[in-house]
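Below you'll find the structures, each written out as structure tokens.
Shared between the two complexes below is chain A, which pairs with chain B and chain C, respectively.
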Partner chain A sequence: GQEFQFGPCQVEGVVLQELWEAFQAMKDIVQAQDNITSVQLLRKEVLQNVSEAESCYLIHALLEFYLNTVFKNYHHKAVEFRILKSFSTLANNFIVIMSKLQPSQEKEMFSVRESARRRFLLFQRAFKQLDREAAVTKAFGEVDILLTWMENFYQ
Partner chain B sequence: DGVAVLPAPQNLSVQSTNMKHVLTWSPVIVPEEIIHYSVEYQGEYESLYMSHIWIPSSWCSPTQGPECDITDDITATVPYSLRVRATLGSLTSAWSTLKHPFNRNSTILTPPGMEITKDGFHLVIKLEDLGPQFEFFVAYWKREPGAKEHVKMVRRGGIPVHLETMEPGAAHCVKVRTFVKAIGRHSAFSQTECVKVQGEALPL
Partner chain C sequence: VSCVSGGLPKPTNITFLSINMKNILQWNPPQGLQGVEVTYSVQYFIYGQKKWLNKSECRDISRTYCDLSAETSDYERQYYAKAKAIWGTNCSKWAETGRFYPFLETQIGPPEVALTADEKSISIVLTAPKKWKKNPEESSISLEQIYSNLKYNVSIHNTKSNRTWSQCVTNQTLVFGWLEPDTLYCVLVESFVPGPPRLVQPSEKQCVSTLKDQTSTLKVK
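The block that comes next holds the complex of A and B.
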């Protein structure tokens, strides 16, 4: 069967198609709320040319941020827009992925870890430069960019 | 209605086979009254990050029978908490919560049904359609000493699949098991079934 392989980190038990279906079910209503079209949080410098070795660190940092900050602060909107079921599917599958990622903490991986951290900080800084609610709305609307990038590691 | 307090449903349990999950409970009985039930669920995310939030089940909020197909609600391989309450008019019971959260990786996987046919010299298999979660691992071989076993992964059931061209007079055998990506588990193998180009299926 297919699984995620973020460099050394292998993740089974998640069907990417289910995540896409969940996001597609709410994409229009979610992205319609994002009025700041001049900014992209998950921009090229964050996700392009990520090495296999970096990918585990980066996906771990991004998913942790999404679960702890984006989803947590978007939940009331999910209730308001009646998209709780799709929202729950995404959130719970992100938890499955997170629970299976074990990025190595070995010294030799310091430079790779740092490179991934710099990419994540680019994303986080852009997030913090926006008004809080606008940033959460934009980040949640960019889950398709995240899933597209994750697809590179689904084999 | 003469009912002061509506008792909460009891004996909640989940039966899950081949990724179809059904929550059942003992019915609440009030003579000559129709009781309705509401089912809600929480995945691991909700219980970790917002434990006050429960999501109404897709098909059973409300429902009349003492059971609920929760398959469409269980969309991740994490523990799900489930709860049910009874309603009669304006009366509602307390919530009853499933004692142990349900995880779909505990589903019972049965060997799939299969239909072996001969199309001339061609060995054709049609597998039970168990839905998009299932893939099939088909093993087939010619029944003779030292025969090599061939394997084919079939992505979907319900459609005929050509396995191989058979040799006249030789028996060709097939067995199958399912694989479910979402939980990373497979079923036991089915019974082996053999056919001969001129003969009928020879059960082992």
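The block that comes next holds the complex of A and C.
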């Protein structure tokens, strides 16, 4: 079957098509709630030209943030908008991917780790500049941008 | 020209029709205005940017579509578009699309298909569809360069036995062997990109006959 290969980090057992279908089922509802169209959190500077070596650090940081901040604070809306099934599919698959990522902590990887951290901080800073609820809604609406980037590492 | 906003009902069903990154904004006229000569104006917005932009070629138009391919050609970006109806000094509120992501939403057109038949096999050569381009002089970009995971669903139908079988391939040349001589086969091909579900455009059906079995003709002699 297919697997993710984020540089040295390999993740099996996740069917990316299921994540796409889950998000597709929510896309219109979720993105319609995002009224701050002048801000994009996952901008090109965050995700473009990410090296293989960086990718494991960056996906780990992004998924950790999505699980601990975005999904956690969007759950009540998923219930309200009756999209809990699709929401749970995404969340559970993100948990599986996270659990299998083991970014190396070796010293020689410091500069690569820092580069990935700077990218993540661009995203997190933009997130923090918005009202909390609006930022959570926007981040959740940008999961298609995240999945598009993740697709590059799916083979 | 300023007008009284909200004096007319909005256009309805405003969406992007996108094929090979040719992105056409289309809508239905407002309800209840049959026979009234309504015109429309269009604006578009690049997600993450600051303001709505006019599409000058689609100001006060009477048609219900507007080609925004040039304005939305950076397929990695996301966009919104909107249209409003105008009649005299009255105009509707804007009718707006959802967020449009060309990279994920464009329909992938069929490849070009070339068939060559032998006695018991048919060779198929596929040429990936091309991205929309502003003017013919521009060099073509194959959608294969944009979608590295572009695949093709090739189905072949034996018109004598009425049997069909298909194959999903990534390469552009394939040979169907073990066929019956002197038989008409018809081929259909769809382009396919893993990712969110997309509308599919199959190719035109193309048919070719396998050659007569040379060994049997020699025996007859």
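For the reader, a short list of remarks on this structure follows.
Here is the rule we go by: the second predicted complex is superposed on the first by the 155 of 155 C-alpha atoms of A that agree within 3 Å, B and C clash if a C-alpha of one lies under 4 Å from a C-alpha of the other, contacts with A are read in each partner's own complex, and residues count from 1 in each chain.
Quick note on the criterion: a residue touches a chain if its C-beta (ideal position, glycine included) is under 8 Å from a C-beta of that chain, and two chains touch if they have at least 3 such contacts.
Nothing here was measured: the structure is a model prediction, and the numbers come from that model.
Once the two complexes are overlaid through chain A, chain B and chain C fit side by side, free of any clash as defined at the top of the document. In the superposition on chain A, A:Ile95 makes contact with chain B only, while chain C stays out of contact range. Of the two partner chains, neither chain B nor chain C is touched by A:Glu114. In the superposition on chain A, A:Gly141 makes contact with chain C only, not with chain B.
Once chain A of one complex is fitted onto chain A of the other, the partner contacts of A:Glu45 are absent, as it touches neither chain B nor chain C. Looking at the shared chain after the overlay, A:Thr37 reaches chain C, while chain B stays out of its contact range.
In the superposed model, A:Leu84 makes contact with chain B only, not with chain C.
After overlaying the two complexes on the shared chain, residue contacts for A:Glu133 are found with neither chain B nor chain C. When both complexes are overlaid on chain A, the residue A:Glu151 reaches chain C alone and has no touch with chain B. Here chain B and chain C sit at a least CA-CA distance of 5 Å once the structures share a frame through chain A. Residue overlap on chain A between the chain B contacts of one complex and the chain C contacts of the other covers 17.
Looking at the complex, you find that chain A touches chain B at residues 1-3, 12-15, 17-18, 22, 67, 71-72, 75, 79, 84-85, 88-89, 91-96. By the touch criterion given at the top, residues 16-17, 20-21, 23-24, 27-28, 31-32, 34, 37-40, 43-44, 141, 144-145, 147-148, 151, 154 of chain A touch chain C in their complex.
Against chain A, in their complex, chain B makes its touches with residues 43-46, 48-50, 53, 55, 58, 73, 75-78, 105, 132-133, 135, 179-184.
Across the complex, chain C meets chain A through its residues 45, 47-50, 76, 78, 80, 98-99, 101, 103-104, 149, 194-197.
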